[in-house]
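These are the structures, in structure tokens.
Look at the two complexes coming up: subunit A is in both, with subunit B in one and subunit C in the other.
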Partner chain A sequence: MAHFTKANSLHEWLDQRLAIDKLWKVLAAEYWVPKNINFLWAMGVVLLTMFSILVISGIFLLMYYKPDTKLAFDSVNYTIMQEVWFGWLWRHMHAVAASVVFLVIYIHMFTGIYYASYKRGREMIWISGMLLFVTFSAEAFSGYMLPWGQMSYWAAQVITNLFGGIPFIGKDLVVWIRGNFYVSDPTLTRFFMLHVLLMPLIIMAIIGLHFYSLRFPHVNNQDGEEIDFDAEAEKYKAGLKKESKVIPFWPVFISKDLFVLGVFLIFYFYLVFYHYEFAMDPINFDPANPMKTPPHIYPEWYFLWSYEVLRGFFFPVGSLSAMDMGLIAFGIANVIFFALPWFDKNDEVAPAARRSGFFVWFWLMVIDMIILTIWGKLPPTGFNAYIGYVAAVGFLALWAALPAVTARKKGLLGFVILMTLALYIAGYMEYAKTLGNGIVIVALFIIFYALFFLNPVFVRNRGGAQ
Partner chain B sequence: MAQSRRDFLGMVFGTFAGAGGLAALYAMKRTWDPLPSVMAAGFTTVDLSPMKPGEFRTVTWRGKPIFILKKPPEENCNHLPDETKKRLVKVGDAEYLVMIGLCTHLGCIPNWEPEKKIFHCACHGGEYDACGVNTFGPPPRPMDIPPFKIEGTKLVLGEEGPEYKKMVGKA
Partner chain C sequence: MKELKILFIIAVLVGITYWGIEPYAHSKMHPHHEPATFAYADLKPLHLKGDPKKGAQAIMNNGCTGCHSIASQHIPAPMDPVAASASYGVRPPDLSNIAAVVDHKFLANFIKDPVKAMKLAHKFNAKRAFPMPNFYGSDQDLADIVAYLVSIAPKELSPKEAFETACGRCHNVRYDKWTVIGEKPKFKTEVQKADFELKLAKYEANLKKYLGTTPPDLSMFIRSRGPEYIRDFVEDPQKLLHGTAMPRVGLTKEATEKVIAYLEKVGDRKKEKRDKLGVWVLLYFVIFSVLAYLWKQKIWRELH
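Presenting the complex of A and B:
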């Protein structure tokens, strides 16, 4: 047995047994963050806070919520909203936090893309972050089902139906997921389990992985500068705080973080108290009714872009129906961001503003996703269908073009742009019903998808100066 | 020699643990399966004999509305292409239309308009003729026919009888 001496304080007693001083140094007091950062680097702490708010408000909602199709709607809209003291507060905090957490996730994600914080050793940070995006999406979807209103019901119906598009096993898989032939009580109870236990457990584990993945490559900075963290930390500890390029997480970085967090929380509580209605769709205040579809159904704003990629393909291509074409594109859209480090063929870590081609790509991607989001909420009728098609093909085309953009292959980039324009013209002719489902559109899509899948594999990495 | 004995023990342990793991996965998969009571409720039996010519009924099968329309003799789908005639179900002497009452566009429930003899979907304006074949608007295909089996004057929804298999070309 190890040798222990008598401790003179509780602190020393704990330190002997748990090495709390060392743990604190490793986790916070000597965890080094670059100085050369801006407020966008505070989004991690904002997200962690929002997740905590979701867990805490969720615990209080869980005290009165009843996961039963006969009781769920009233337990939320009557018991929690009208009887429980401050029940409305927990619900509005939970709903608004679930919505704005995605806003912050998107900011966090696009900060990472803009400053190239996903490559040269930072791939695992990016991948674990994308895993969090996917698990947060599953958490949001399962939670949206629980109030058992019309939107809950039909969102569940449509989303579980998507699995029916998987070849061979699709139809059985849908029944298996639902636990019934249609969305009903077994569906509600199992998604309740996922929402309050399994998904939060997985999310917490991945948050741990995400933090751990930062430790070796370290946090990026505004110039993509490669910093010798050990040397800079020594300078800081030797008292050369001004000369050192790094600061400790605690108490220096966190003070900056807490300021940003404070501003964000003012915005958040303003929404909770005065504009909670944007997170509370009026259609969801009608109880779920399997015999009546609401005239217009749409997901929450943070899923609209991928929903519009799904709906964007409005005509059949060869033997694939419009729905199949949409499902393929939708499947790709949901996983493609994982592959970003391998679509980028330039090793240089620098903000997009210093990488001219990538700068254009970045903003086109942002604009395209905003267009997809706006049109995702409009009815897919008339010319809206064609705009959805242009934006959905544009999304795929941007990915097909990324290897050529980052490796500066002008010829290949030109070809991708040409193919995209050809698809736009062909799509317009399909829209105007002048082309018909012939060999031309099939050939165009085969070439387009070949570019999409082959470019990241065959375009050589450009290297790039550090 | 000692090493191979360890390898052997390792493999035995691995097989044992693997078998346990597979058994646990199977139990988990089965727990997610629809319950026997749910599967049993997956069949709906409708007695068609009390229906009058031209009568329209909606029954529920697996949580979905099922349209049943008894065609008066002079109004079967003869004036429509041959293909649509195949969609009629013969029970006894009468012909019936049996279909899942969900618009094939986005799953809304279309309305039967008896005076115009069409199904009209209020969501995006899709229209179907009296045989459930899409004639206007966004629906991609006619309304789906649920699996059925004829037992005398009764229709069992959820079971694939010979008439159903013939209709969808499975036989």
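Presenting the complex of A and C:
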């Protein structure tokens, strides 16, 4: 047994047993972060705060919520919203946080893309982050079903139905997910379990992984500069705070984060109290009615871009129906960001502004995803269908082009652009019905997908400028 | 400076996305309609001046009270709600408060030709008659009847009373214990409860047969439709939901506002509290941010 002397204070007593001083150093006081950062680096702390708000408000809601199709709607809209002391506040906070957390996730994600924080040793940070994106999506989707309103029901009906597109097992899979042939009580109870138990457990574990994955490659900085963290930390500890390129997490980094967090929470609570319709869709205050389809069914805003990739394909290609084409693209869209470190074919870690081709690619991607998001909500009628197609093909084309862009292969890039334009023209002919579905469009799509899948495999990494 | 530039870019991108998925998308999903004027301009005004005393007589002579009660004048309903719904589909309204919620021009036109005033020609026609017959008396009689109904109507109605007269015979409001056959009482025995529920079920079944659909419970309509939609919808249901079984009920602007106030009290009872508390929470975080900024400045001063 280790030797213990009498402790002179509670602090010392705890330190002897739990090494809290050392733990604090490792986790905060001597956890080093680059100094050269801007407020985008505070999004992690903002996200952790939002997740905490979701967990805490969720616990309060859980005390009154009833996962039963006959009781769910009233337990939320009457018991929680009107009877329970401040129940309305918890519900508004929960619903708005669930929506706003995705805004911060997207900012966090695109910050990572812009500053190239996903490669050269930071791949696991990126992958664990993307895992969080996927699990948060599952968490949001299952949670949206719980109030059992019209959109809860119909979004669940439409989205679970998508799994039916998977070859061979699709139909059985849909029944397995729903626990019935249609969305009903067993669906609600299992999504309730997913929402309050399984998904939160998985998310918490992955958050741990995400933080851990930062330990070795360290946090990136505004210039993508490679920093010798040990040497810089020594400088800081020696009192050369001005010269050192790093700062400790506590109190320096967190002092800035708290300010950013404060400003963000002003925005968040403004939404909670005065501007919540975007997160609490009015249609969902109508109780679920399987006999009455709402005129417009759409997912929550953060799923709109991938939903539009699905809807963008409005005509059959060869023996594949429009739905099959959409599902293939949708399936790709949902996982493709995981592969970003391998679609990027150079090792240069620098902000996009200093990577000329990539800079264009980055902003095209942002614009394309905004277009997909907006057109994902608009009714897909008339010319909207073609715009959706252009944006959906554009999304895939950007990925097909990324290896060529980052490896600076102009010829290959030109070919991808040419194929994309050919698909745009062919799609327009389908839209205008001037040309029936022919062998040409099948061939175009085969070449297009070949470029998409083969470019990241065969284009060689051109190394790094560092 | 650079950070403000980044913030500006993010704000613009978020703003564009928000505009696209909220105001713009909704304007595409719900085509624009003219806001309610409550003028009922398609109906002819009645220029004659009526005499309430003669109106009281005309009400008797024309047999109005054969179906309608006028509780405030001690004229009881000839049938209980369930029997009335079996005969007419819905219980005929009590006339005590009717002129306090319904526009007077509308009222005259309604008595003369109910189906036309309610814009329900797609539901009731030569093949299927509306339970209330057209009025074939003189315009003077009509003016007298309206004058009488106006004379007995209370000057001021509570939001709940306005709702009961205007909407309460077709719509339940379960969050306020309102049912289409009246306020749900506190039951002393299981038998009383079962008896009430049986009556309600029978009435609702008759109502469904009559309208072809069960009118929705309005408990959460203030959140699911919002005050503007409710106002415009009540003024002219066919304009917003073509083919609906909901009649134009001819409410005045004031009565419609009362109905909305009632629905807000039932479906969004915490609104006032929310609006008040919000200010304090925001103030808290403004102070929080200022303090956090000062702390940050203090710590970062020695770093540059």
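Quick note on the criterion: the second predicted complex is superposed on the first by the 466 of 466 C-alpha atoms of A that agree within 3 Å, B and C clash if a C-alpha of one lies under 4 Å from a C-alpha of the other, contacts with A are read in each partner's own complex, and residues count from 1 in each chain.
The rule we apply is simple: a residue touches a chain if its C-beta (ideal position, glycine included) is under 8 Å from a C-beta of that chain, and two chains touch if they have at least 3 such contacts.
The structure presented is a predicted model; accordingly, all values stated were derived computationally and were not measured.
Using the contact criterion defined above for the overlaid structures, shared-chain residue A:Ser52 touches neither subunit B nor subunit C, since it reaches no partner. When the two structures are aligned on the shared chain, A:Pro295 is found in touch with subunit B and with subunit C.
Within the superposed three-chain model, A:Ser356 lies out of touch with both subunit B and subunit C [touch as defined at top]. Of the two partners subunit B and subunit C, more subunit A residues are in touch with C.
Of the two partner chains placed around the shared chain by superposition, neither subunit B nor subunit C is touched by A:Asn461.
In the superposition on chain A, A:Pro379 makes contact with both subunit B and subunit C. Using the contact criterion defined above for the overlaid structures, shared-chain residue A:Val175 touches subunit B, although it does not reach subunit C. Residue overlap on subunit A between the subunit B contacts of one complex and the subunit C contacts of the other covers 295-296, 379. The touching residues of subunit C, when paired with subunit A in their complex, are 2-3, 6-7, 10, 13-14, 16-18, 20-22, 24-25, 28-29, 174-175, 216, 219-220, 223-226, 267, 269-270, 273-275, 277-278, 281-282, 285-286, 288-289, 292-293, 295-296, 299-300, 302-304. Those residues of subunit B lying in contact with subunit A across their complex are 32-35, 38, 42, 60, 62-65, 106-109, 122-124, 138, 140.
On the subunit A side of its complex with subunit C, the touching residues are 35, 38-40, 74, 77-78, 81-82, 88-89, 92, 103, 107, 241-242, 247, 251-252, 255-256, 258-259, 261-263, 265-266, 269-270, 272-274, 277-278, 280, 282-287, 295-296, 301, 304, 366, 370, 373-374, 376-379.
On subunit A, the positions that touch subunit B within their shared complex are 157-158, 161, 175-184, 186, 190, 290-293, 295-297, 321-323, 379, 381.
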